[in-house]
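In what comes next, chain A is part of two complexes: it sits with chain B in the first one and with chain C in the second one.
After this line comes the complex of A and B, so read on.
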């Protein structure tokens, strides 16, 4: 196939709606590293929610409106008056912040539909890059707080710009990533699942900053892997801090990415001429075309996809149709090792099919379970 | 003293910059505060004027929401900060129709290098340019100045005009809570807030002023419209 990777991703997109990837998108990688479609679609910036809609499987990607409103209010409060609350909180915790130099990219280059979003994002990326490198070089009077930065992220050959939620902050000798979240810290403890999800997002930013430093011949140690979370304490919206070391997350993320086919290889699997150009197609034809693209690149459904991918409902329906044990979760998939479908598993359990060599262990187990169920009169 | 006139007969806002005028401000508070169930008065000042009055109280480039709160404290009339987005556009339109026709326009703070508007931070077009440009330290400096100004006003009002003090407590609290000792047992301690803010200002004010003046000299070279509303970030490469 001719042309650069970016060009080929553009061809695949063929004018379909776009959405900017964010750290949440990338952090979703660890939920299901095996899904090639998601990586390609994210690299091409394709709006998966819109695809799901065309496929008749409207998902619920993203957070609830109420969660967003609460989060928004808390974040605004912490950032109010040039981050006054955040600065106070950090100083109380002993962070050294004599002269606060703020670069508020969100205010300077708003991405709100009033201007060309790509231009704004490009400007943010350029300013973020300069600011982070100046911070790392400890240049006097460089900014020490960057809000609304845009970092570059290598999707495996395809470079995307990420609009970050986090704030990069330089204290003394290290750059820190700060995330403002609205789930509460109650008696010093926060919801482990939410802290985990935030840790993965923070890990994406930290990894992106490490890449930037490395590409400029600087030590990656200049960015701390300890993420600072600003959360509401108990039930009120009074902010407090929690520090989470995400070194492990950064490593896992890098390992996952390194172990995968490059986007280049995945896109190459597409037959020539197959793209998401849905112009002039009726509903059914459009569905078929999208399904053909997903099938050609490959999907890999797991229940955890439901939390992070708009196409999950579609993939689940396909997995059910195909009797793919994956739709029952990782544990069931593991327990049915060697058995390709749930239908086949049922026949092995009843003894109506002869197990192949690779199915023998599982078949024995299934037959045992079936015997118990029969004895108990459940089947 | 400057006066903004609304409608034909009612003078609403004095120039609130000096403490002596707070009594006049207090009058406008009692005028505007909905003490009865009467519907909004026809003579209520428009939002832009309320915000300009709020800005004069703060005395430095400030965040939209803070300006809206200051406007409410000063006039007793609620300002929904969502209305500010459309107001921004109408200020520009009004300028384009008749440049400089109004004594003051609500204008964004401007970035010190490219003079792009800093969307969330407001100033008044009648302020001199160094006050309207924002360098790396400026937003912090301006927050500390606003905290000082509002705390000073609160301290005065607590002694002289309980009604005005009530109107300013919330605004003062939101500003002073983030400086050491600014809020004690849930209540603003104006003297402590001023002391803490001034101590930090002493460290950074001079450097900030030099950067602002340097930038303002460059801004002076641009045309008047750009001096007021800034340079469109999309019209030039990032500075």
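After this line comes the complex of A and C, so read on.
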């Protein structure tokens, strides 16, 4: 195939709706690193929710405005008066801070549907880059806090720009990433799942800053892997902070990405002429075409996809049809290791199929259950 | 993963219907539990937005805080809920009691009944826990005023949320978890957290009882569990309303409510103006949740109760009595456990877990299957019984009687020699050590040396027997040093800060935001 990777992703997209990836999109990688389709679609910026809709499996994508209001209100509190509350919390925790010099990119380049969003994002990315490099060099009078930054992320050959929720902040000695979230820290404990998800998002930001520093010949130690979370304390919206070391998350992300085929290799699997150009196709033809693209690149469904991928319902329906044990969860899939379908598992249990070498352990277990159930008259 | 669960999951996937993993019910069911279907507003995790509560499935009480972000309005609903719960608890605590004696001769009592809570899933338990956390400490600093029964109800909720973690307890029943313990479906544990979706695998027809029309005219008889579950997933079954409803009718209704009440938070105004929001919450979430709770209840009630359930419910009643007496005597709950209490609690849960496993195994033939297949329990035919065997002393004189039993069984066993097993006919009396184990092809021959219950009845040749590690033994309390080691002393002892937090209310800001 000819042309640059960007060109080929553009060809695949063929005018299909796009959506900007964010740190959450990338953090979702750890849920299911094996899904090639998700990586390619994200790298190409393709709107998976729209694809799901065309496939007849639209999910609930909307976010409650009530939930957004809570987040916005809390963030506003923390950031009010040039981050006064945040500074106070940090100082009380023993951080030595300089006076803040704010770069508020959200205000400078709003992404609210008014201007050209790609242009805004590009400008943000450029400013973020300069500001972080200045920060790292400790250039006098440079900004030491970037809010609303956009960063560049290498999806394995394809570079994407991401809008971040986090804040990059230079303290005396190091750059720190701060995330403001509105889930509560109650009596010193927060929801482990939510802290985990935030840790992955923060790790994406930190990894991107590390990449930037490294590309400019600076030490990656200039950015701390200790993520700072600002959360409401107990039952109301009084802010408090929590530190989480995400070194492990950063390493895992890098390892996951390094262990994957490059986007280049994945796109190369597409037969010539197969793309997402759905113009002039009827409903069924469009479905077939999308399905063909997903099949060519490859998917790998797991129930955790339901939380993070718009295409999950489509993939689940296919896995169910095929009696692929993947849809029953990682535990079942692990326990059925080597057995490709539940149909085959049932035949192994009844003894009507001969187990292959890799199926022997599972077959013994299932046949054992079957034998005891029959013996005890339970089936 | 348990072998039986794996087998049944495969069957569920192929048949499209839930499969049993237990033959009998391993939890206690009250004739009239207190069912609670509750939702929060996505922006306020520490308040009831709407709830249907009651012990009679035909006439639940609706409780609504139309604007839960306002503390005064939130406490109207929480107070109402707290009152209902508190009354129920008082009635049980003031009701008839059993009079019992401890080993040291001191006397104590145990309530004959205890209220049982029925909720949709674990998310609902967490919401009740959050409500309890807020209600317990509310008003301690004087910023807001709440009646004392609210604080007490907060402690009750804390107790029930904690009991949700105690293995084998039936004081609070999250329906999804109770169903999961008795049936497996052809979907993942994550999907089973949705009550209606899990029930769809039991019988798609049940969905019609939960929400008429949710199947969209599809014939339930030929519908697979998976396809029915996909329809069921459109119903809110957790503690949140549908985001699309939030952004549509509900947001509009809340804005309208706030505009009309014009700053007023008195009960009459809130009740009069909030009626529409209550109706909406019922229609969009609570009615289906309420129905699903009772469908789940009926499914569980259709199973006969296991023999050991009664014992565990007795233990539940003891826990309840201790708690009720403590709180009604003015006791307060700490928000963070002391190291000592945490250690005691863990030890208690470990004992409770053992007791539960023991009970399930002995009560339920299906529970035994997984253990037999895993080689942890021996199930076979007795080929020899020799009562005239003795341990010998140094001089070769027989001392203790030690009968031998030989069992022939299918399969092989991963039991080290010396493992103590109990005869399932007399699981607390007849115990034996594995003395010898030989495997020939697919059959095993196990020699057991009886060391407990030697003079009592023993199996006879030809009997089908089971020997397993499951018994009931007395478990000691953990040894705790009189002084806490420094590793377990916290530098800053946690304080209960309730009043300060009530200083912030969201509604003034949010109420003024325009609807888009």
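Simple rule for what comes next: the second predicted complex is superposed on the first by the 364 of 379 C-alpha atoms of A that agree within 3 Å, B and C clash if a C-alpha of one lies under 4 Å from a C-alpha of the other, contacts with A are read in each partner's own complex, and residues count from 1 in each chain.
Keep this in mind: a residue touches a chain if its C-beta (ideal position, glycine included) is under 8 Å from a C-beta of that chain, and two chains touch if they have at least 3 such contacts.
The shown structure was predicted, so the numbers you read here are calculated from the model rather than taken from an experiment.
Asker: Is A:346 touching anything from chain B or chain C once the two structures are fitted on A? First, second, both or neither.
Answerer: The answer is second: A:346 touches chain C but not chain B.
Asker: One more residue to check, A:88. First (chain B), second (chain C), both or neither?
Answerer: Touch partner of A:88: chain B, not chain C.
Asker: Return the chain, chain B or chain C, that is in touch with more residues of chain A.
Answerer: Per-residue touch count on chain A favours C.
Asker: Quick check for you: in the superposed arrangement, does A:66 touch first (chain B), second (chain C), both or neither?
Answerer: second
Asker: So in the superposed three-chain picture, is A:366 touching just chain B, just chain C, both, or none of them (first/second/both/neither)?
Answerer: Once the two structures are laid over each other on A, A:366 reaches chain C alone.
Asker: Would you mind writing out the residues of chain C in touch with chain A in their complex?
Answerer: Within the complex, chain C contacts chain A at residues 1, 3-4, 6-7, 9-11, 13-14, 23, 41-46, 130, 133-134, 186-191, 226, 230, 240-244, 246-247, 250-251, 335-336, 365-366, 369-370, 372-373, 379, 410-411, 494, 497-498, 500-504, 506, 509-510, 513.
Asker: Provide the residue numbers of chain A that touch chain B in the complex, in ascending order.
Answerer: 76, 80-82, 84-85, 87-88, 98-104, 106-110, 115-116, 119-120, 123, 126-127, 141, 143
Asker: Which part of chain A faces chain C closely enough to touch in the complex?
Answerer: Touch list, chain A to chain C: 60, 62-67, 69-70, 73, 183-184, 186-188, 233-238, 303-304, 306-307, 313, 317, 320, 323, 325, 327-329, 331-332, 334-336, 342-343, 345-346, 349, 365-366, 368-373, 375-376, 378.
Asker: In the complex of these two chains, what residues of chain B are touching chain A?
Answerer: 62-63, 65-66, 111, 116, 118-121, 136-137, 139-140, 142-143, 146, 174-175, 177-180, 203-204, 207, 233-234, 238
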